[in-house]
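Have a look at the structure below before the remarks.
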């Protein structure tokens, strides 16, 4: 029984690590702030979720589970808010009027 | 064990590299951001050094609140705002000073290597005397009982620091509310965060203070979390900092240290020495002091972040 | 003997190791800070005055207990004995600092009642800030005096710095804010180096208690490298906080920019707090350092401070800057005791001279800054060249600054004279005549710039300052009282100077007998005459005090002008941040290497 | 070469980097960040000494690993360092506010800002 749990942990955590790698790659490679934000908030949160999921069987007491999940929820909440704040700061003014669609033209700002 | 050593080596190199990057960063803003990441990494090192209390304090105070202060200042200051316009321009002098710093660092490293490895320690002594303090966590025992005067002086240091910051306002502004915090009340997501997170933050802070008696935790960590939650509420515009002259906030500011000094003085008669606790009442007394101190220190840390008072107009630029 | 047996018994009860007397000087400022914040700025002035009077009484009782007991008082906080707990200790040295800080702070509190009392019913910024920060400084000083644990002393130093920095920028001008920021950053650099030294000592011996460390360090036949590194770091860190040349970049603008009551406290006491720790480290913690050649380096820096500080004071156009540079110079005298401690007269002799200099300078400099503040407030400016007629408007203030000047110069019967006599005696006993030379040169230059200042104030020509606002009578009397205290220090009964050697190995020749004969009228005239002649010569030749053209007497004036500008250039270079940082690093390395070679030399 | 010694060397290196930053960085804010690096280096050294001291006790399975006294002192030191940073930041922002105030009203910025601050 514990062998399968350990295998599950290794698999989940390594999958999470892959997502973290993808998020970091996105951060480095993507052209502008908005797409980088996209990569970071999506990939890293999912990566963290997988790591937490992988670690759950290792933790004995249920209090530990609640702690781990609370850490993940906090990361989700603060990641989303920070993403909104940064996006709000970087959003080009013309998007505000939603008349001129199109990707962010401020590629040279950050 | 080499894998643990590899982890330590990577962590040490990462921290040293980040410190070099912070020094070489182009803008103060980048350096402040780098410093926040540096604080988080440093907390990992403290966990590796089996000092979880210090890791909590490093994250809450070192990376969190100090990072908030540095980021706020970096955002507001012009890049060249410096009190001495003369940096070290000459390449030669920079290299010379770098060389001297390197020699100091190498000397220090040599001394660290020479220091006795199983270092002389007070751990057994603390362990032996811990039962008399009624507290399970040795760090809390040292902070609140064995070296209580350090903690008393340290909470006391925060009061002249706060008065010093308040004194940086101009005379007509006295009586106004602290005005250094950014006003982001118009921002929807932040307001949501400021409504959802604080209740959990307060629970976590109370847990930290309560568990601090037996396991890693404690009042400074709890107070830092409380201060962070309060500042979050202030920044989101859901609350306003108390006026500088408000008697209620001053009473709360002074409550913790007063309780501490009061119990300390009572100790002269009850337990034979200043800052001593009678044996059977030690734990409840320590917890009472920690609860009162948490509130006071949280308020002081929040007010230290909120800065000097400005005129009642709130956003009005302080007049000289 | 019967009558006096009762008080000594009572005192002995209090001063027994469990005696709680030692805690009172600590609790008073702490409770004062807390209740003061609740009380608010309006009633804070009188409250602080009452508290300080009680503090002075407590200091006197502690002094009496230490003198009658004859040995230092110990008190274990929380009942935990070191190395686990923290102990308070009051030996002769700490009692002197307790008394001095209580007296000077009380004087400044009386002086400041008028300046920092809120006019209306509402509390003002200045009234709350000044009094709370004054209590913070007093709390820091009392903890520095009584603390026996290196980390508690670190927190006390930080309390002192955090209370002193906002005092500098209390009037909110941009120059004082820049001066306060530079002072804070350099003081923090100093205290971090001190903390690093304490960390290394803990790493080597597993305790931070000065008494236990001293025993273990004395037991080791050779000082290990960690102790040498710790000594070098702590010494340079504390020298940075004491503003010894070349680390004095923050002192002149900070002390000159602060309001008068604050600059008196800064110059008289705050600078002495970190020097006091230096005495603890060199005389209590690692006495072996005094025999090392590196102690001479401290003396050389002290001599440089005396010369540079005095020469720069001569050149200042503003009175407050003149007094601030005089502080830089007088700090130099403090550091002359380190090379002289190794001579035959022994460390306790040099320590008593140093402690007396701390007391006499605190009183004299406090009075001088208060007087300068009164003059600046009365005239609206403090340009020395336009002080004409001040003698008529503020007679008592000028008398106070004259009397304080006498003590700074070292005319009998002042404390300054006793210090110079003791240091001269130690220099001759050790055969090191050059320290004596530096002392004489310092005395002459001090006389020169004080004559320069008082001469301008007394000169009748120049516009009569019609609009001078008369300051409070009490403020002038406080300045005069402090000055007289410093002047009459020499007349104290000789046994008082035995107080300093309580808890130390007594010097070969008891201090009391040596200094009893130090003062007699006959030699007063002999000492005074050459001083005046040379001082007038210096004034006649040099273009000191911002005069455009050199003096009337041809080539010596040109030489003096050249010297003046050279010194001015050197000081400006030393006081820019990178050079000060460089000299800090260079000092750490030279002291460290000096200690290492010295320790190896005396071992083999 | 145990893990603690590695962190000890890292602490000594941080002290060097911090010292260089405090002396050479232009601008008070960058100096302040370097001062915080220097402080964290000193605390790291204290933590290493604490970890070295605690080994024996932990091996005996009695107390927690590491010497609690230095850990308590580092917590106190961190709070003091935070207070120092708070005061320095407030001074800095007030000074910058006054200088911008000075420049926006057209009067030249105070003399001490432009040239080296050697003058009074």
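Chains here go by letter, A, B, C and D, matching the order in which they are written, and residues are numbered from 1 within each.
The definition used in the following text is that a residue touches a chain if its C-beta (ideal position, glycine included) is under 8 Å from a C-beta of that chain, and two chains touch if they have at least 3 such contacts.
Just so we're clear, the structure is a prediction, and the values are computed from it rather than from any experiment.
Remark: the per-chain Cα centre closest to the mean position of all protein Cα atoms belongs to D. For this structure, the chains sharing the highest number of C-beta contacts are B-D.
With centres defined as mean CA coordinates, subunit D is found 12 Å away from subunit B. As a whole-number value, the distance joining the C-alpha centres of subunit A and subunit C reads 58 Å.
Distance between subunit C and subunit D, defined via averaged C-alpha coordinates, is recorded as 28 Å.
Shown for subunit B are the residues in touch with two or more other chains, namely 83-84, 86-88, 97, 101, 104, 108, 112, 115-116, 119-122, 126, 146-147, 150, 154, 157, 161, 164-165, 168, 320. Among the residues of subunit D, those in touch with two or more other chains are 15, 19, 23-24, 28, 32, 45, 49, 53, 69, 73, 76, 80, 83-84, 87, 91-92, 94-95, 98-99, 113, 116-117. Residues of subunit A found to touch two or more other chains are absent. Here, these are the chain pairs in contact: A-B, B-C, B-D, C-D.
Chain contact summary for the complex, subunit D toward subunit C: residues 15, 19, 22-24, 28, 31-32, 35, 38-39, 42, 45-46, 49, 53, 69-70, 73, 76-77, 80, 83-84, 87-88, 91-92, 94-95, 98-99, 102, 110, 112-113, 116-120. Remark: subunit D residues 1-21, 23-30, 32-34, 36-37, 40, 43-45, 47-58, 62-69, 71-76, 78-87, 89-101, 113-117 touch subunit B in the complex.
Residues of subunit B touching subunit D in their complex: 4-5, 8-9, 12, 15-16, 19-20, 22-23, 28, 31-32, 35, 38-39, 42, 45-46, 48-51, 53-54, 57-58, 61-62, 65-66, 69-70, 72-74, 76-88, 94, 97-98, 101-102, 104-106, 108-109, 112-113, 115-124, 126-127, 130, 138-139, 141-143, 146-147, 150-151, 154, 157-158, 161, 164-165, 168, 180, 218, 220, 301, 304-305, 307-308, 317-318, 320. Of all residues in subunit C, those touching subunit B in their complex are 18, 20, 23, 27, 30-31, 33-35, 37-38, 40, 75-80, 83-86, 122-126, 128-129, 132-133, 136, 139, 143, 149, 151-152, 155-156, 158-159, 162-163, 165-166, 169-170, 172, 177-178, 181-182, 196, 200, 203-207, 224-226, 229, 576-578, 581-582, 585-586, 588-589, 592. Note for the complex: subunit C touches subunit D at residues 84, 151, 154-155, 158, 162, 165-166, 169, 172, 174-175, 177-178, 180-182, 184-185, 188-189, 192, 195-196, 199-200, 202-203, 206, 252-253, 256, 316, 318, 321, 571-573, 575-578, 581-582, 584-585.
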